[in-house]
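Both of the next two complexes hold chain A, though its partner changes from chain B to chain C.
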Partner chain A sequence: MKRNHIITSDVTGKAKKTMWDEEDAGVDELLAVLGYKVKSSDMVDVAQKIEHLEGVLGNDDGLSLLASDSVHYNPSDLSSWLESMISELNPTTQPPIIDDSFMNIANTAIAAGNPPPSEVDSTSAFVDDLQAIPGNAIYPPTKKVKSSSSSAGASASSSYNPNPNPNPVVIVDSQENGIRLVHTLMACAEAVQQENLALAENLVKQAGMLAVSQAGAMRKVATYFVEALARRIYRLSPKPPQDSPAFQDLLQMHFYETCPYLKFAHFTANQAILEAFAGKKKVHVIDFSMKQGMQWPALMQALALRPGGPPTFRLTGIGPPSGDNTDHLQEVGWKLAQLADTIHVEFEYRGFVAESLADLEPAMLDLREDEVVAVNSVFELHQLLARPGAVEKVLSAVKEMKPEILTVVEQEANHNGLVFLERFTESLHYYSTLFDSLESSGNGGGGVDGGAISPASNQDKIMSEVYLGKQICNVVACEGPDRVERHETLTQWKSRLDSAGFEAVHLGSNAFKQASMLLALFAGGDGYRVEENNGCLMLGWHTRSLITTSAWKIR
Partner chain B sequence: MLQIVDINGDLERETKKLEQNFCINDHVDLLIEVLQRLDGRSLAAAACVCRQWCSIVRNDSLWEHLCFGNVSPPPSIGIRSVVLALGGYRRLYMVCVRPVASQLKRRRIDGGESEVVRRVWNRHEVELSLSLFCVEYYERLLGGGGVVGGESRATSLKFLCKAVNVSI
Partner chain C sequence: MMQFTETLPPPLHQTTKPCQNFATSVNPNQTHRTRPWPGFPAPNKPLGTFGDANCMEQLLVRCANAIETNDATLSQQILWVLNNIAPSDGDSNQRLTCGFLRALIARAAKTGTCKMLTAALSNSNITIQTHKFSIIELASFVDLTPWHRFGFTAANAAILEAVEGYSTVHIIDLSLTHCMQIPTLIDAMAGKLEGPPVVKLTIAGATEDVPPMLDLSYEELGIKLVNFARSRNIILEFTVIPSSSLDGFSSLIEHLKLQTLVHGNETNEALVINCHMMLHYIPEETPTTPFSFEDATPRALFLKQIRSLNPTLVVLADEDADFTSTNLVCRLRSAFNYLWIPYDIVDTFLPKGSKQRQWYEADICWKIENVIAQEGSHRVERLEPRSRWVHRMRNTGFRGVGFGEDMVAEVKGMLDEHAAGWGLKKEEDDLVLTWKGHNVVFATAWVPT
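Our next item is the complex of A and B:
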């Protein structure tokens, strides 16, 4: 490196310098000629750091790219630029996160061979990090610099390290392994698509081995996808074993606790329902997604406190049959009734067991004349797409109920494409982002004593991951009526609901504010984003929208 | 001259008499006025002073003032009955208000100032805290039934209680 050469040659010249008493006291003259304002007193420091850097660069061939294509940002601040360069290469500092979540996840693996440290600053965009180098970036960071810098992070951490790092040299490869893993998964999916099962089998085994070498979110996502692919290839079970609804509810509860998605869904839907119920004396909510009834306490409390006093609140909960003999829906109803009694809201409850929403007839619901109806569906409608005609039937049933408002919360992704490979790619991106956010909410939360996570919250996280893993399995391994996780985007739902005779109701600023505030409460809340899209609210992780709440009324 | 000296002397004697006879514990209304201006932590410390102070501090109205004394616009009357039914203001403060306030403050002022004692709450924050409080109550109800694995501690508010690494 040209620069390197000049500097080292100048270290020897330092002795001569001190004789000269210049007005820019001690600025190295030779460097100043080139435009670097470095104090001679700093020179030793700088030289040492350059030697460090050279050692680091010299140890790995992949970094020759960096050496020749280095982009220098501020010629007058050489020392601190080196400092930041070296600290970037130091494994105890978190390497910057890139937009591409796979590279990102692979990077977090580098910092330790273990679960990522608690100071994961998943919020800093890579660009911010570069600009942190003193002096403004003269050249905008290019893609090449990004990847070479991150690979610098990877390889350097093992080859040169001021702090003794017990991690084995295999870390050097984990970055490449990450990329290889993604490619293998994609290739496997393609092979499955082309019915080349022998090749697919090979690839899935490879992917499995690569997945184990990763860490953190990447490892978990990859493991679930590998499992799902394996199920598909070997057709392990014609139908994956059905879990009892109680177990599914339990998983969803843990998911509710760990991350804000469900809370966001509930709070925004409640806000829409509350506004629709303004001024009405008798209200009736029909809930397609009863589960544990976690959505309704907050609504009841808001109704109890509204000016003018609470209305008579009637709730009809619809859920799948529970495997054992317990009447799960009724139990939930009792608890809600207890709560309603405590806060003095007149409450009436009815539970309906239905194998599928399409079996529902409005006549069964005992709709009364003077009541205002709201229909609520959280992550339920997409399951109807597995059977042709089901969703249209349900929507027309909803119209018969004459609701004041229909609130729909759905995942924001297209996992229902006709081509398997498309679905696979989409879902890989989607669930990687989801697992990413899970990872940060777990770590950011437990960060009091240097990243130790309490066993309870760890269990929560694991259960949430299992919950998501089952979805992954369904999307990838199942087909036909078994594949119920048929997520579709807002645009697709919009056109469906439009053609069914509904029009969108804007969710309003109250919902937005409440949602933003709710997210601010979550550790790792910086990563979550609430966006408004044509009156619908979307919650996403960084730039990727993950779930959407929308409200509809009959045209 | 003599008279003035006399008055001064009288004054001194009077104040000394007052000081000997004055005890804040005899004037509970004054004590409450003072306690109303404390933050949560100090209130809790005050409860440890003596039995009388403990019983005064446990009075929910002090905590009500702490939670919502600074709400603009002032909270509606119905809130009190709901909060009392769901567990009282002291619990509300402990479970919701304090973590919410500290989290929100942390988000707003990234400089990390010393613990903000009082701030003006707006309507949305009040609503959010109350909703979370209600959810927590419901979870305790559910938990009692052993549905959520028998955990007696409400779990959905764990995300609030997870301490934030303030040193960042």
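Our next item is the complex of A and C:
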């Protein structure tokens, strides 16, 4: 179970302390719920061990070895239990290759503030665990964990529990477990729906155990759903601690690199915008999803080189408040201005901070008569559905902006149904597919096929999973205005946009070609599919469409 | 609650450096990112405006760099831009860029593991369909421009002069154009030589699929040539020796050596080796030190071998460009700065949408794709410039023989049949075909020293 307390904590030290102060200090609360006692500081270590164990169990030898004796021995001490299994199965293997990307991520993410003391401890516990295991033959003491430099020389005090060396438990037939896992999750969701919390509690624990027995994408996605269900059942916190937008952006950036979804969104939306701007001398893009502004360099470059020369290009970026003291919207604007300068495009930028898009008033945008406007929204509109009337207000504001084109990219799923069980089922299928695709993609093109994935792309993948995990948590565990991941399908959006006075603009063959080209360039891209649907483009994994780009204009 | 960003000055009009206008509280170095910002790196010199071939080239170069450094995001973004500014039916610069764009996509897609390239891109015509010519089609195709005719005319003139007095002429025709040069030569021999000789024609029957491709087998082609020669009262013996440029035509060389051993110097036979745009397919790595004739590369070895056959004449015509760099970006620049010529040419003599134009451009695209997207033994388009070939020949024991005034006049006459823009110049002993002043094809003639 990859629970990364370090990562999910807020960037500022203050919020992190609050989380640590909750419930059982120092023990991972969710695993405690499931019957395991694991120090939060040991979490990364445990995750590593589970992965190692998984790998070892992957071959038949391991299973048959386990099948001889099956004694379940004190699993509540998860760390040593795993340790014992590992040492039983593979007395001669080298220690697992420590994926210290977590530590690096954690360290970088907290770069702004001071690393909390608990993080330093976990690093040293990390090193010590390995060294304290009986039998240096198993884990040669010379193996030094490569981790953040400050804590590498930590004290040698051992916080490790002595290994009782029990006989390991048998885990049989992970495929059968897989099916059982899905059923258990569904049953749990149903119990939640029926407010039978005692049953739900039971089921979520079972699901948790089954999840651990799985491998790869299934395990990861199931783990997130288990966690989300647990949060819902135990009402653990009114809402999960809010990540800073900077951190959210960071996660999205990794997601951007790992898989083609965001790039697809940008490529297709930009194609529509570029075509809408053909022949226009003054253009203005209003971006509801500014983030790091990654969508715009390519568009600007294409505008710079179009026949007749570039238009004057104005960009208004809307984003949430930064939380810290930096003005990140402005930084992004500055970088884009630099780029514009080098490619000879007259450029103007304005950033607007808004808690919600519904706060936007067109009057504030300084709309000019002779400008052609494009409004762009990538994964933003669905959040408005959390507050009644918000999406209508925003769409009416968009109409006042008189855009030549409105580009919308949204998840292709209905995660906004009234019935919890339906939402749960839908999102389970959706995110399973997404995690599947993540598992199969290497890095985004240019990687070594089949073999080792670079640490950088592994980090990307992990962060992408965290990014998606947060969405899962929101869909399952939150309600009311806190539940912002209210995805809806194209059909549903079409009907909303129709009622708001918009009509669809066909995206055209160029957009399709661009999308196809992108997929061809994507390593491990065999499973991705681009489909045209009534003039909109959908990107999916195998037979399941996952995101949709559509374009609209005022009727 | 709505706020304006606090440090924002009044709207900026970016005609000068934007950073000067920002309030000091913005620190450009303060970033949460742990890796470089994805996007376009600032170039050393600003890009030109649309349609400028220079700026197309720069974008292609940046894309190539991004691919070579595994910067997937940057390469994808540049490809997105290129898709928009280089349509396959635009002007000659755009079509040229489009050819390179396709090649870069092919190269980038190779480094991924996606095997769906063909299927995914079936919509955008990435797979280059080159035409298989019939003999008639090929004959008229090569006559369309001086590209090949130049080499034919110069070579035939030199051959005619060299074989005077011999009773047998043995021509080894290593030509990209499948003997298209030969009918004219036979005609000339029949007309000009007293007592026309017996002509033996040996071709390598190379098995590589290099455009232009023929839908005829060499055996069938041979029959046609023999019949044609007979109609001119010339006895033609036609031999095909299956041999590959990849190993420097070693089978052919072996056959020829055997012939020399068997027949020796008995007959009054002239041996002519006619190399027309074929030798650049023989593998040659970029030499670390230029022109070391001690190189044991197939190319150097091949030249040594033909020298050892003591030929009466060697004619070498090829394209004047350097595609041998191991560095992708260098190759790209070289290729871009040479292959604009055929795209420019085609506008002058073939209408848009004509089939021939499609074939012509498809063949160029094949070349581009080979230079850019292929590596190792698959990358066969390894052009070397005239100066390097001259050096090779000299180092192998050949002496250049120039082209006389009559020959030059003949070539000029041929050029007059074509559009303005074609030119002829002399570099040392050699003739060079030019288009708008740029070197296109060179022709050289050699005898053993």
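Methods note: the second predicted complex is superposed on the first by the 375 of 555 C-alpha atoms of A that agree within 3 Å, B and C clash if a C-alpha of one lies under 4 Å from a C-alpha of the other, contacts with A are read in each partner's own complex, and residues count from 1 in each chain.
Methods note: contacts are C-beta pairs under 8 Å (C-beta built on N, C-alpha and C of every residue); 3 or more make two chains touch, one makes a residue touch a chain.
Keep in mind the model is a prediction, meaning the values are calculated, not measured.
On the superposed chain A, the two partners chain B and chain C do not both fit; they clash.
When the two structures are aligned on the shared chain, A:Ala278 is found in touch with neither chain B nor chain C.
Of the two partner chains, chain B and chain C are each touched by A:Leu339. Between chain B and chain C, C contacts the larger number of chain A residues. In the superposition on chain A, contact of A:Ala354 is made with chain C only, not with chain B.
Once chain A of one complex is fitted onto chain A of the other, the partner contacts of A:Met209 are absent, as it touches neither chain B nor chain C.
Of all the stretches 1-9, 37-45 or 163-171 given for chain C, the clashing one with respect to chain B is 37-45. Within chain A, the residues touched by chain B in the first complex and by chain C in the second are 249-250, 253, 256-257, 263, 267, 292, 294, 297-298, 301-302, 304-305, 307, 309, 331, 335, 338-339, 342-344, 444-447, 456, 510, 513-514, 517-518, 520-523, 525.
For chain C in complex with chain A, the touching residues are 1-8, 11-15, 17-19, 22, 25-26, 28, 30-35, 37-40, 42-43, 46-47, 49-51, 55, 59, 67, 70-73, 75-81, 83-85, 105, 108-109, 111-117, 120-121, 123-124, 126.
By the touch criterion stated above, chain A contacts chain C in their complex at residues 108, 112, 246, 249-250, 253, 256-257, 263, 267, 270-271, 274, 292, 294, 297-298, 301-302, 304-309, 321, 326-331, 334-335, 337-355, 359-361, 364, 366, 442-447, 449-450, 456, 509-510, 512-514, 516-526. Chain contact summary for the complex, chain A toward chain B: residues 118-119, 121, 249-250, 253, 256-258, 260, 263, 267, 292-294, 297-298, 300-302, 304-305, 307, 309, 331, 335-336, 338-339, 342-344, 441, 444-448, 456-457, 460, 510, 513-514, 517-518, 520-523, 525.
By the touch criterion given at the top, residues 76, 78-79, 81-82, 85-86, 99-100, 103-104, 107, 124-125, 127-128, 130-135, 137-138, 141-142, 145, 147-149, 151, 155-156, 158-160, 162-165, 168 of chain B touch chain A in their complex.
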